[in-house]
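Following are the structures in question.
Both complexes below contain chain A, partnered by chain B and then by chain C.
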Partner chain A sequence: MWIELAHFATIIALLLALLQIATPIIGVGIQRPVWIRVARQSSYVVTLLLTLASAGLVVSFLNHDFSVKYVAEHASRSLPTFYLVTALWGGHEGSLLFWAWLLSLFTTIAVWRHWSTHASSIPWILSVLGTVISGFLILVLFLSSPFERLTNPPFDGRDLNPLLQDPGMVFHPPFLYIGYVGFAIPFAFAIAALINGRITDEWILATRRWTLFSWAMLTTGIIFGAYWAYYELGWGGYWAWDPVENASFMPWLVATAFFHSVMVQERRRMFKIWNLFLIITTFALSLLGTFLVRSGVLSSVHAFASDPGRGVYILIFMAIILLFSFGLLVLRADRLRTEVQLESLFSLEAAFLFNNLFFIIAGLTVLLGTLYPLAVETLSSAKVTVGAPYYNKVFVPIMLGVLILMGLGPLLTWRGINGSRLRSSLVKPLGISVLGMAGCYLLGVGQPYAILMVGLSLFAIAAHLTDLGRGITRRMTNAKEGILTATVTLLTRNKRRYGGFVVHFGILMMAAGFVGSGLFQEEKNLIMAPGDFTAIDHWRLTFEKIVTVKGSNWEAQEAIIRVEGPRGLTMTLHPQKRDYQNQQMPTTEAAIFSGFFEDLYVVLGDAVTDNTWAFRIYRNPLVSWIWGGSGVMALGVFFSLLQGRRREVSRQ
Partner chain B sequence: MQANRRLFLILTLLVVFGSLGSLIWTSFTGSLVYFHTPTEILATGASKAGQKVRIGGMVQAGSLVKEAGTQKIRFIISDGANQLPVRYDGMTPDLFREGQGVVAEGPWQPGQDFMAATILAKHSEDYIPVEMSAEGIARSKESMLRSLQ
Partner chain C sequence: MKNLWKVILLVSVMTILALFALGLENDPRNIPSPLVGRPASPFSVPALDDGPPVTLESYRGRWLLVNFWGSWCISCRSEHRYLMKLARMTADRRDFAMIGVDFKDTRDGGKEFLASLGDPGYRQAFDPDQKIAIDWGVYGAPETYLVDPEGIIRHKQVGPLYEGWFEKIALPIMEKKP
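On to the complex of A and B.
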């Protein structure tokens, strides 16, 4: 019953979403606001209906209704309740419904919040978002339905892929989708501004928080994915430049460029076309990401081509959105010309320009590596993969460039800074940076990249702190405040700016993690019998025994490993090899000790003889800095989001 | 002065992004790894000596030999028509077994056993590496249908 209800709700939702596209256009055409209000009400009802539809699917999971194909394929009787709920986004069909539901929810919030403040944009926003929602609902209803029934329902389902039965994977897709879907709102505002032809900064100011929020969600989603790969896949790493990962990374890169470049438009009225281009591209890449992962094209171009319905539809849908948006941008380009010229290479504008180019090139690099194999396979039937070394080689210099800019940012001013002032403010950060690099070298760090990274990070930190210090002393002299009051007032009056600083610190922590684990990972492959011990760096591991453990839907071989670390630290690690009953699929559960400076990562392999087992042990320096850094970043974004629309206190 | 500044800016842009562009190009062409079936590599392999390649197919039933007391294995990748002997030393992925799809990556040396540096097997239901295409999908569909009956 529930699934039919869900199906029916989705059909009605599609009809109302179509109404939501048409009525605002008519309303604006004949100057009758009541038509626009109709669109508003239908967008609210669409949200209600899609909530009902998603709930219907979840209830079918909870009822173990295996006559529903989607439920039979993604759940089983022994699946824990938590995963029964989250199986909603465990496969293609449910994910798409979930996507549409999120978008309807965001549409409702956006319309409700901006109804009176952005009256002239609202009709177009309703129309644009209605189009995207209908696009997804058509896909859900006609090409990729989670509501299908099986004529011969099985007694038990096929179960959720064991690799997905992990908290990291449970939260990875929804955060990613919230990020993707969130960019639809600034995108709709941008299109509305283009259609209205009154392209001021209004759309940027209105959507600042939407962009930041979506960016933070996307970041969190990507990090959850990396975390999952690290804890669940058992190969000792967290990022493999896999097309699925790249799909989410591309919109992230362009969105990052976008909210840096937006500041230039706010302050200097420059980059207007560029910003519109960036937000359209960000949303297009979000759609591309969904398409790449959810169409099956990555698994095989041929399998995809033999069942083309879904993929061709998504391609056409994307083509329409892209042609329309970029076409509109080209049409309006003449109204967007700016008279402001870049005045100096040593100005914030120029720094942001370089920042943008770096991020765009990073995005193009990923795009090339992700799409080239698909193109080759389509055109010539040869199959090719682009190896991780490509990305690593290109991303290291880009990361260094971005770090230099991050350090220069707080030192530069709008319109340019004169040479002597720049030199004097460079002294301290550069000095600290050089001292740090020398220290590293003396401590025996031989990797030039690592030394350079330390230097640039210190430079960036020192530059940010110098700026903060300057702000505080200025308040102390001008407003005659104590140091504490001065600091607090400064921070709370410029939440956006200093939130950005915190985000930068988070990024630096993550960069340290990438470099540490990327350059200094130690790996050891060996075979041990109970009683054997081994050492990796200053860790001593003793393999005690193998035991059998059982979970609700799996059984595992578990190695008991006693570990003695530095400073008298002792613990026991339990790496497992699991077998899930309903899927003929063993999985590896790595045992991981996460310390502040390094992780110890132990993987249990197959039995080599009756009494010996294979092990793989990694020492991964600074991995927890990646997770910690992402937390710091989230805090920074949160702090930044607290700032309302009020103009910031001027910098100088 | 203004003209000079513009020139300076453009030159800087050219230098920075020109070098990045050439870096992208060289590392891109250097990182491409082509995928072949045993039939393809045996037919055209002479020209690929020393190149890193990926060989994909099924682990032929009955071909997997483990060297006692070590992690060294030998097996045969088969695409139905042709077979290629492979050697590997290390931990195999969870889904590596006889009769299953597999991809082995390593340097191609014509006339010798293929020394795999890396072995890949299917990594999740929703996403399978490019190479695991037709056969792998047919197989997973089959096993899915079996489990549904």
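On to the complex of A and C.
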């Protein structure tokens, strides 16, 4: 019953979304605003209907309605209620519906907020977003329907893939989707600006918060994915350069380039075509990600259901959107030429230019690495994979370059800085950086990259703090404020700038985590019988026994391991091998001790004989800095979002 | 030269789209199994229906389709109709036989599955401890193997068989090798 209601709501939503594409175009054509208002109301109703549809699917899960194929494949009677709800996006069909629902919700918010401030853009925004929603709804309704019923319903469902029964996985997809979908709004604004042909900076001001918000969500989503891979997959790492991971990383890289270069357009009226290119590419890459994941052209650990018919459809849909938007950009580009030239290599503009260059090269690297196996397989039918060594070779130098720029940023000014001022502001950060590197070397760090990373990070931190200190002293002398008042006013008056600083600190923390765990991981594989002990660095582990434990829908073998660490630290770790009742795949539950400086990570392998077991033990330095850094980063974005628009956008 | 970037942009977008279009022909399920081209691991196990044991050896000299399934497997339900049809369709062929392997299942569960969805009529081996499944490198259900008259695995299909599978995949392999 519920599922039919959901199905019906989705059909009506598709019809209204199609109306939302057509009526604004007609309205603009015949100059009748009432047509545009029809599209606005449709977009509101689409949101309501898709909310109903998603709710219908969730209720079917809660009712254990296994006659619904999607429910039968992704739930079981013993699945905890929490996962019954989140199973909505646990599979291919449901996550597409979820995507469409999010997009409709964002459309409604965008239209509601920008209706009177951006009247000339709104019709095109409605049309563009209507097109994207329709594209997804057609896919949901005709090619991968979550509403399908089974003629022979099983008594119990197949259960949610056990790997997905994890809190990390519950939050990974929605954050990622919110990020992807969020970029649709700036994309629609950009297209509207291109169609109107009056390309002011309005679209950039209007979408600043959308971009930042989506970027933060995408970052958080990626980090949740990494966190899940680390805690659930049990291979001791968090990132594998898998095509599907790359699919989320590419839009991230381009979006990062975008909101840096946007600042140049705001201040200096440069990079106009470039910014349009970047936002279109960001959204195109979000779609590409969906295509890669959902069509099955690439084999990946994220082995999703695939179907050639679906692939053809997504490809056509993507081709229409890509060719239309890039074509439009090419057609309108000549109207956008800027007269402004770079005045100095030592200016913020130039720094942002290099920043963009680095991020775009990084993006292209990932794109090539992702597409290369596809090209080889298509042209020669051989299977190849591109792995970490390729990416590391390119990424390490690029990230070092980005770090240098991050440090230089606060020291530079728009339109160029004179040499002596630059030299004087470089002294302190450079000094601190050199001292830090020397300290590392003396402490016995042998890895040149690690030393360089420490130096560059210290340089960046010192540069940011120098800038902050300068701002505070200026306020103290000019406004005669005390140090505390000066700091607070400075921060609250420039939320956007200092929010950005906090984001940079978060990124630096994450970078420390990547370098620490990437370069200094220790791994040990061994077979132990109860009573055996082993050591990894300063940890001493004793394998006491194996016990059997039971959860609501699984049974596991659990090793009890007593650990003695540095400074008298003792604890017991419980790595498990779980068998879920309705699935054939056993899962490993790694036991992890997360410390401030390092993680101890223990994986229970198979039984070798009746009394001995295989173990993998890792010491992963600084991994928790990655998770912590992403939190700091999110705080920075939040702080930055609090700032209102720099100036009221004039009513058109 | 001023407009070179436009050409590069559009050409790269179209190249990527074309690559995807060609790439759709690739079947991601077509994961090369290391066991294809190797002799199938022999077995002789109890039948699901309490009849005499099902033995791989006894099918020597004929092409054999081995379908791994379980009553817990949702996709096996949707595949079952085609298996019934295929069994009827090939009933007259002397050079071709089919068997099923019900694995990681209970005897009642397997019997109940056949009783409610229909019995295709060929023999069903019962493999509750996945002994055969592990030897044959099965990692999901349904999976189907095509074994030649000499007992060599010639093809592995991951995922459900579909309408027209026999003509499109199995026949060309069977006709290539007399």
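What we mean here is this: the second predicted complex is superposed on the first by the 638 of 652 C-alpha atoms of A that agree within 3 Å, B and C clash if a C-alpha of one lies under 4 Å from a C-alpha of the other, contacts with A are read in each partner's own complex, and residues count from 1 in each chain.
Operating definition for what follows: a contact is a pair of C-beta atoms (placed from the backbone, for glycine too) under 8 Å apart; a residue touches a chain by one contact, two chains touch by 3 or more.
The model shown is predicted, which means the values in this text are computed figures rather than measured ones.
On the shared subunit chain A, the superposed partners chain B and chain C overlap sterically.
Applying the stated contact rule after C-alpha superposition, one finds that A:Leu345 touches chain B and leaves chain C untouched.
When the shared chain is aligned, chain B comes close enough to touch A:Gly605, but chain C does not.
In the superposition on chain A, contact is made by A:Phe354 with chain B only, not with chain C.
Look at A:Asn152: by the touch rule set out above, it reaches both chain B and chain C. Of the two partner chains placed by superposition, only chain B is touched by A:His92; chain C is not. In the superposition on chain A, A:Leu62 contacts neither chain B nor chain C.
Once the two complexes are overlaid on the shared chain, A:Leu233 sits against chain B while remaining clear of chain C.
Set against each other, chain B and chain C touch different numbers of residues in chain A, with B touching more. By the touch criterion defined above, A:Glu377 lies against chain B and chain C together after alignment on the C-alpha atoms of chain A. Applying the stated contact rule after C-alpha superposition, one finds that A:Phe326 touches chain C and leaves chain B untouched.
Comparing the listed stretches 2-10, 56-64 or 128-136 of chain C against chain B after superposition, the clashing one is 128-136. When both complexes are aligned on chain A by C-alpha atoms, chain A residues 72-73, 150, 152, 154, 158, 298-299, 303, 377, 383, 582, 584 touch chain B in the first and chain C in the second.
Against chain B, the residues of chain A that register as touching in their complex are 72-73, 91-92, 150, 152, 154, 158, 161, 163-164, 233, 242-244, 293, 298-300, 302-303, 342-345, 350, 354, 357, 361, 365, 368-369, 372-373, 377, 382-390, 393-394, 397-398, 401, 525, 527, 582-588, 603, 605-606, 608-609, 612, 614, 616. By the touch criterion given at the top, residues 5, 8-9, 12-13, 16-17, 20-21, 23-24, 27-28, 30-35, 52, 54, 66, 68-71, 90-92, 94-95, 123-134, 137, 143-144, 147-149 of chain B touch chain A in their complex.
Within the complex formed with chain C, the residues of chain A that make contact are 69, 72-73, 150, 152, 154, 157-158, 277, 288, 291, 295-299, 303, 306, 308, 311-312, 315, 318-319, 322-323, 326-327, 329-330, 333, 371, 374-375, 377-378, 381, 383, 582, 584. Taken in their complex, chain C has these residues touching chain A: 6, 9-10, 13-14, 16-17, 19-26, 28-29, 31-32, 72-74, 77, 104, 116-117, 130, 139-141.
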